[in-house]
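Each of the next two complexes has chain A plus one more chain, namely chain B in the first and chain C in the second.
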Partner chain A sequence: MSDAKPFDVIGRSHERREARGHATGSTLYVDDVSYPRMCHMKAVRSPVPHARIRGVDFSEAERVPGFVTHLTADDVPKNVYTILCLIGVEPDEEQVLASERVRYKGEPIAMVVAETEEAAFEAAAKVKLDLEELPAVFDVEEALAPGAPIVTHWGSNYFVYEGHHCRRVRYGDAPAAREQADRVITGRYQMSPIEHAPVEPTGCIAKPEADGRVTVHTNTQAIFFSLDNTAIILQVPPHKLRFVGGTVGGGFGGKVDVIVEPLATLAAMRTGRPIKYVYTRQEEMQVSSTRSANRIYITDGINDDGTIVSREVTSYEDAGAYSRHTPYGCTKHAANAAGPYTIPNVSIDVHCVYTNRTPSSAMRGFGVTEASFALEMQMDRIARELSIDPWELRMRHAYRNGDERPYRKTTEDATLIETMLAAAELAGVELSADLRAMSSDDRGVPA
Partner chain B sequence: MTARAVGFALNGEPVAVLAEPLTTLQSVLREQLGMTGTKAGCRQGGCGTCTVHVDGEPTLSCLVPVENVEDRAVTTIEGLGSPEEPSALQAAFHEGFATQCGFCSPGMVAIASALLERNPDPSAEEIGEALAGNVCRCTGIAPIVAAIEDAAERMR
Partner chain C sequence: MSTLRGRGIAAVNYPTGMNLGGDPSQALIHSTPTGAFMITLSSTDLGQGLRTVMAQIGAEALGVPMETVHIDTADSDTGPHCMGTFASRATHRVGNAIMAAAKEAKEALMDVAADELEAAPEDLETDGEGNIRVVGVPERSISVTDVALAAHFKHGRTLSGRGMYTKQKSEVDPETGAMDPDSTEAHACTVAEVEVDTETGRVRVVSLRSAYEVGRALNPALVQGQITGGAWMGMSHALYETTAPYYPAIDHGPEDFTHYLMPGAAELPEIESTILEMPSVNGPFGMKGVGEMTANSPIPAIANAITDAIGVQITELPITPEKVLRALEDSDSQEAA
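Up next, the complex of A and B:
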């Protein structure tokens, strides 16, 4: 340390603290922890996407050697998955364990605890579910059509934003500007849901301690979210819980709203034994939340000189069966749905739609990435139709410092042009002198 | 079903375990022998995180009943080096930033060390072929290939 000079960090290689452990297999992940007398817990999940629960029969499961106990909705002190209540957004509509209805394939109805993992699998498979299957809906626009099966408990398949059926942005007068434009270019874009697919499955271990607290080892990406959630769901003071985390074998946003800890902690409190609850690969792929699927319609009014005078976006974001972070994702989507471009007239409607699919939630830039996918496809389409260089089209419209965004915020930190110039250089793309002279601090005079 | 004793060599030392029929080598290593460097990413032969060497051959330990390795030599990531004394390959992974979340790293090191045993000078294409069954979801494959090339050079 003594001979280290100040400001000499950048430009040199530095050892990564965890890398030696990773390369030698000595880094400890959640599933590597175990305790004497540890039990294993597995979920009993709905085999169908939409059903009324008429009954759950544990009689055969209880006869499996090694069976310890089971949990249902009745055992959960506050049976509400509270992720959105923590950031002040309602409705708290998802249950930790479903009591009356299941709304997606794989929704947990009960938990089984057993002496070994094999016994837990076997007992979970022997729980008999009496389900009355209901019609299901899997498409965002079908879900909003009259007569669609209703997914939510409040009677519509959309989230209500301050009294509105969708998240709206209005700037200028887009329909009027489109009427005046030389031409209109439209596009319909569709994204599939994307699973994060971490190589390390989601999981936790809850261990009761002699002092009445519970230590929870977890691979959550949001340790205080997880701790607060568990305290609220179990109705215990947070100081009764000690969460240990920090090592995540791949998250990508998929381990932000983790829901394994409350049930494992509940089982640990009930049995007085350490409980391990780790997803199988199948659960990781099917049950953990995904990036939402989006269907996005864009209608642009464009003049023959290549100026985009209006942009109207109607987007349907598939929340799946429950809200989780998707209503918030839709707000981010709405803010970014016109793109990083300055367009004088903008109208945006983003619908947060409920279907009988796996709930979607956080994943790397969620809401924004989906908008960018559609918008950049649209920008290429415009460039092709007008025979304009796609770099020029983007750089001419790129937002500059001082420009007002459709959501009424003045841009202060634009770097789009500088980023594009750097990207062009890296990619070996020759840009014209006009483009190379552009800057985020100067709109310049249109040629 | 009756558990029976199975003996094999683990990282050069003889071990014996009691195992029910069809218990996988992976669960014996992780749960009975505490060798948790061998990871469990999918337990269905799809991710490569559980790769170990059986008589020097890379093997998916999640698909092998422990009885199949009776009287054979099993080498896990712990047998290839340690944080204090990493192998050339482990050092190259460490120094070359070839780990991100780290969960695939033990399997990557295991498959790569078997490759370098049989081919001390592999091309990038041959390395890619060897890694085909090992998933790095963090998409850090390029530095992994570079680290293997670097290790091959150090070892030659």
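Up next, the complex of A and C:
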């Protein structure tokens, strides 16, 4: 074979097509779209994390010059829904607009539409809320303890996976193997909730068309997913909607939630006018979903020669007040919670827990970032306790091609060892000849 | 009081594609009368360069110059279905859909070219520069533009193709967790070096040296962009960011970038990386999804480097100066006792 690349186009660093537009500000984003008679919409949000709604008074808001209309839960055709209903996830639980009860600080209770953004802000601030505050729960383990304030409408603070209170993986017999192991090493690891912090805030513009359809300019990461969810919430046939987008100023998973489009579309249908609804930075930071702050407990059974014979993981994924994409994230987390290592006995419980916190949802690395953080700290904890080289501990246990994963799939594309060898070389780390001889295609442990 | 130095590593895997599958993406391709190829999608470009990579895949698969391939996305009235850009899926799923659409379009292109050149389609090849020629007889050649004109005005044929890619949905066994959660696995390993100021508790990341195994780097500069951005995000996650500084309490939540801290240019460490290419079985041209995982290995690598430096493991993110000082205080008082 010649050294020349066998391809003409791929494998080469062609300049990103929009790069110059992004750098010079000429790229068109949602915020750049404008229509005559366009109105602005802002949310009226709960100032407390858990409360019964006794009343909402719009009388002062309505007197703000430029006020057009308001929306409440009564205006939303299917007000209680769950975003993953499109892939069969149940039950419906998130309120598009809160009625009767708010479950997190910042939950929208009403929307205000006005002629200008300033008037919308002013009118939203003048809506009077009569709330009866309720005891709230913020900690995932406290939420699962008896007597905790209940967040959901079905009486427990966890999502049910086919009859189980958590997503589980069982491979071999981890408790029995731990009993037999020379020692047990445990760790508790706590992630933080972080914000997607896209440069472009989440937003959309919904424009009623002459033929009765509505065009929605949106920065969603998933055009049809957002369209279909909007149609479900508004109970309109999907063919009545047209979603346009494709150029997004950063997503990181936050723009897979469908939050702004249904309300803007509803307001457009109600008023017959184009409606713009774009999050402020404050809303991005404190109201939009975050990464789940998983709390992860790992219990490993280990023999004195450094062999990990069992791994038990209990992880609490903090969904916040509504689960959004978290039931999916927990399953992805469970699949990856033993790490890229071959351990003969694995037991994993991943709990999707409801609290009175801002909902968490999809974020870059969803379920895996959290697992990798805890597992790689645990691997170092083991290496330190047993005085084993952390490279050796990992490479000895690294999964090989042909190994079965705890979720019972045979590995066919493991390259962890080769990747580690390349990183060691780049960083100038001297590894032993035994380690350098390892391969993902060979289980053989050098003598 | 002193500056302590430490080194830490982390090795990670990352699954490509929506967990459990069941996430279709579709691509339609047609040529203009003069032989440009339009690839119509409903996928979103998040700034990672999706349009560029999709044009590369389309051009490679069609055998035509990249500047003649255009990406038209995302309008639900004209674009075919795409599940979306997330889960490190777009290049894998949409790329595979384009490969399938390009195969059909190229067959039509070669059929018409064969008629025009009075040769058998299987004897023809594209030269990647906008021409189709008879293998071994370069003077018997026709431009793609002339083929497209002939297709439109003489043969009444479309040069078009349809492609769809769906990984069959896997169910999870609720008892054992048996499932098929990935299409392929990418890998990363990061070596982090840090300096910890024991007086202020401040952690300075000195360097992040990583290897990323990505199957195939379809556009190395864009892969590098993901890597550098991801390393920065991972560092930020490890040391700076939280929407709830006293998690799980909801007080003191930052509301703007002056309170929600992220590392700036001055805090950026030396970032060096190696890209390994070990082609996957099912990604277009062997690629694996790299979008998400680039943020993952730096987080525990930095945390482990801090442990190496101060001798205490801090297991709660972000590892702020306050947490470092408290950990040092605790270990001092333990030693004193």
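Everything below uses one rule, namely that the second predicted complex is superposed on the first by the 433 of 447 C-alpha atoms of A that agree within 3 Å, B and C clash if a C-alpha of one lies under 4 Å from a C-alpha of the other, contacts with A are read in each partner's own complex, and residues count from 1 in each chain.
Definition applied: a residue touches a chain if its C-beta (ideal position, glycine included) is under 8 Å from a C-beta of that chain, and two chains touch if they have at least 3 such contacts.
From a predicted model like this one, the values you see are computed outputs, not experimental measurements.
Asker: When the two structures are overlaid on chain A, which partner does A:31 contact: first (chain B), second (chain C), both, or neither?
Answerer: Once the two structures are laid over each other on A, A:31 reaches chain B alone.
Asker: If you stack the two complexes on chain A, which partner ends up touching A:23: first (chain B), second (chain C), both, or neither?
Answerer: First partner only, chain B.
Asker: Between chain B (first) and chain C (second), which, if any, makes contact with A:403: first, second, both or neither?
Answerer: neither
Asker: Determine, under the contact definition given at the top, whether A:197 touches first (chain B), second (chain C), both, or neither.
Answerer: So A:197 meets both chain B and chain C here.
Asker: Contact-wise, after the overlay, does A:243 reach chain B, chain C, both or neither (first, second, both, neither)?
Answerer: Touch partner of A:243: chain C, not chain B.
Asker: On the superposed three-chain arrangement, identify whether chain B or chain C touches more chain A residues.
Answerer: C
Asker: Under the stated touch criterion, which partner chain does A:169 make contact with: chain B (first), chain C (second), both, or neither?
Answerer: In the superposed model, A:169 contacts chain C only, not chain B.
Asker: Kindly classify A:60 by the partners it touches after superposition: chain B alone (first), chain C alone (second), both, or neither?
Answerer: neither
Asker: Would you sort A:334 into first (chain B), second (chain C), both or neither based on which partner it touches?
Answerer: The second partner, chain C, only.
Asker: Of the two partner chains, chain B (first) and chain C (second), which one does A:281 touch, if any: first, second, both, or neither?
Answerer: In the superposition, A:281 contacts both chain B and chain C.
Asker: Residues on chain A in contact with chain B in one complex and with chain C in the other?
Answerer: Common to the two interfaces on chain A: residues 13, 15-16, 18, 22, 197, 247-252, 281.
Asker: Across the complex, what residues on chain A touch chain C?
Answerer: Going by the criterion above, the answer is residues 7-18, 22, 49, 87, 105, 138-140, 161-164, 167-171, 187-195, 197, 220-225, 227, 241-253, 256, 281-282, 285-286, 290, 293, 318, 328, 331-332, 334-336, 339-340, 348, 355, 357-358, 362, 364-369, 372-373, 375-377, 380-381, 384, 390-391, 394, 398-399, 406-409, 411-416, 418-427, 429.
Asker: For the complex, which residues does chain C have touching chain A?
Answerer: Residues 8-15, 19-20, 22, 42-47, 49, 51-52, 55-57, 59-60, 63, 66, 71, 73-77, 79, 81-87, 128, 172, 174-182, 184-185, 187-191, 209-213, 216-222, 225, 233, 237, 241-244, 247-250, 253-257, 260, 262, 272-274, 276, 278, 280-281, 285, 288, 291-293, 295-297, 299-301, 303-304, 307, 313, 315-318.
Asker: Which residues of chain A touch chain B in their complex?
Answerer: Those in contact with chain B are residues 13, 15-16, 18-29, 31-32, 34, 196-201, 247-252, 280-281.
Asker: What residues of chain B sit close enough to touch chain A in their complex?
Answerer: These residues of chain B touch chain A: 30-31, 36-44, 46-47, 49, 76-78, 80-83, 86, 90-91, 93-95, 97-106, 109, 135-138.
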